[in-house]
Amino acid sequence: MTDFFAMGGYAAYVWSAYGITLLVLVVSAWTARRRRLDALERVRQMLLQQSPRRQATVRTME
Amino acid sequence: MNSAFVVILRRDLQIAFRRVSELANPLLFFVIVASLFPLALSPDAAQLRSVGTGVLWVAALLSSLLALEGLFRADADDGSLEQLMLSPVPATITALAKVTAHWLVTVVPLVVLMPMLGLLFYLPLEALPVMAFALLLATPTLSVLVALGAALTVSLRRGGSIVGLLVLPLTAPLLIFGTRAADLSLHGESAAGPLYLLAALAVFAVALGPLAIAAALKVGLD
Amino acid sequence: MPLPRWFHILGSPPHAYRLAEVCRPWAGWLALLLLVGGTFAGLVLAPPDYQMGDSFRIIYVHVPAAYLGTRLYLLLAVAAAIGFIWRIKLAHAVAASVAPLGAAFVIVAMATGAIWGKPMWGTYWQWGDARLVSWLVQLFLYVGYMALHASFDDRDKADRVSAILAVVGIVNVPIIYYSVEWWTTLHQGPTIMKFDRPSIKDDMLIPLLMMIAGFVVCFVWLLLNRLQGEIVERERDARWLQQLATEPGK
């Protein structure tokens, strides 16, 4: 098992490379998803402020 | 159409020469930037000689960016650029005329200055003509790229800060071929290869550049 | 130049949004499967290279990132051009979504390339490497597109001006690449896509193909998320969107 993590002596290189890749992918995934959800949320907030009838609709949905 | 080109060109040149001090600014910038490097690096002749061509080229690129604002901004602000766009003169001709004006006024003097500053870097005299010629071949492309940057940001209030980011990466090939030509002649070899490539880039840029510049101006002034 | 009808239907934001909504979860799970499987195959199953030892395993993240990072600029330029010529707003939305993703992949490509460079050539960065340098320039092109787009208040103007920059950039990318390659080359030749004579063995190739597929599907998932976000932002006042936003379970 420790052999696996040692990566034949190249541990620092291999793991940092994979680590950076993972980090960038995770951050990209997080921000992409956030953008989508935040945009939808902003539209909902906009609608809430617009009309009381809409407010009632949105409220019953929650 | 020929005469429209000449008219716009002559007008731009007249405006430029009306304020000669402004003309000199990019050139002074060039001299100062180039002079700073030996101070920052070292007085060692061999070291300066090895970085000389690179430093001078980068300084030239940066200086040509300086005259950016004058290209379109002043005309855009007082509405004369929109008038030109609305007139029957094709926008590409207007773009070409303005690029030519910028080239004559800002960039061509650099071609004269650069070899002189080469002496500051202990560059051998024999290499200087090739260096100047390479810059001369590179300058039409450079003017087109700078004008493109100006056109893309013409409607932005402070477009100047972003133009460098847009234009400088596109000038990478000019830098590579230009310095290589100078270095080759420094070592006594033929610089024909990069010179031909610079010439080809110039033809390409001048042929297609005004199209993009005109499109950018039309969108920007909308 | 007129376009086929299906093009216009696909180019309509509500249709595109709904299509994306359906495809997105599938892409997400498939990407996860391919990436986890590919990583396992690459790190555990593949044998070490007799020359480079275990350090070659970096190829499994480096090559897919580089492959995507460089090619996405073409997608960016094409989408922006379509948006500019035919005035299709969705195309601009696609371009705006692709740019940050392309930049992210190029950054991964450069970072992993630099890390791999140390054991391979003894140095992190190598200016003589045509690929590395052209990636750096390409990163500037992505960032330039995003910066220019962000400078405009008027979104329509932002789209159109950035589209011009994207098209100029795409013309420049091959010029820049060949100029740097002409300058000096050091990078090894491509190790895949040589169908006549593959230069790496099957048990090393399969994880690589899995990872490339995984990265591509992951990109699709990321793109769909960003694209949906863009559509929602741009179509704020549209009725279809307002109905959608107030539906339960969203």
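Order of writing sets the chain letters: A, B and C. Residues in each chain are counted from 1.
The rule is simple: contacts are C-beta pairs under 8 Å (C-beta built on N, C-alpha and C of every residue); 3 or more make two chains touch, one makes a residue touch a chain.
Remember, it's a predicted structure, so these values are computed and weren't measured experimentally.
Of all chains present, the one whose mean CA position sits nearest the global mean of protein CA atoms is C.
Set against the C-alpha centre of chain C, every other chain centre is closer than that of B. Judged by contacting C-beta pairs, the busier of the interfaces A-C and B-C is A-C.
Put simply, the C-alpha centre of chain A and that of chain B have 44 angstrom between them. Taking each chain's centre as the mean of its C-alpha atoms, chain A lies 18 Å from chain C.
Here the CA centre of chain B is 33 Å from the CA centre of chain C. Interface residues of chain C, counted against chain A in their complex, comprise 35, 39, 43-44, 48, 53-55, 57-58, 61-62, 65, 100-101, 104, 107-108, 111-112, 115-116, 118-119, 218, 221-222, 225-226, 228-230, 232-233, 236, 241-242, 245-248, 250.
Remark: chain B residues 148, 152-153, 155-156, 159, 162, 165-166, 168-170, 172-173, 176-177, 180, 197, 201, 208, 212, 215-216, 219-220, 222 touch chain C in the complex.
For chain C in complex with chain B, the touching residues are 137, 140-141, 143-144, 147-148, 151-152, 157, 160-161, 164-165, 167-169, 171-172, 175-176, 179-180, 182-183. Residues 4, 7-10, 13-14, 16-18, 20-21, 24-25, 27-29, 32-33, 35-36, 38-40, 42-44, 46-47, 54, 57-58, 61 of chain A are the ones touching chain C in the complex.
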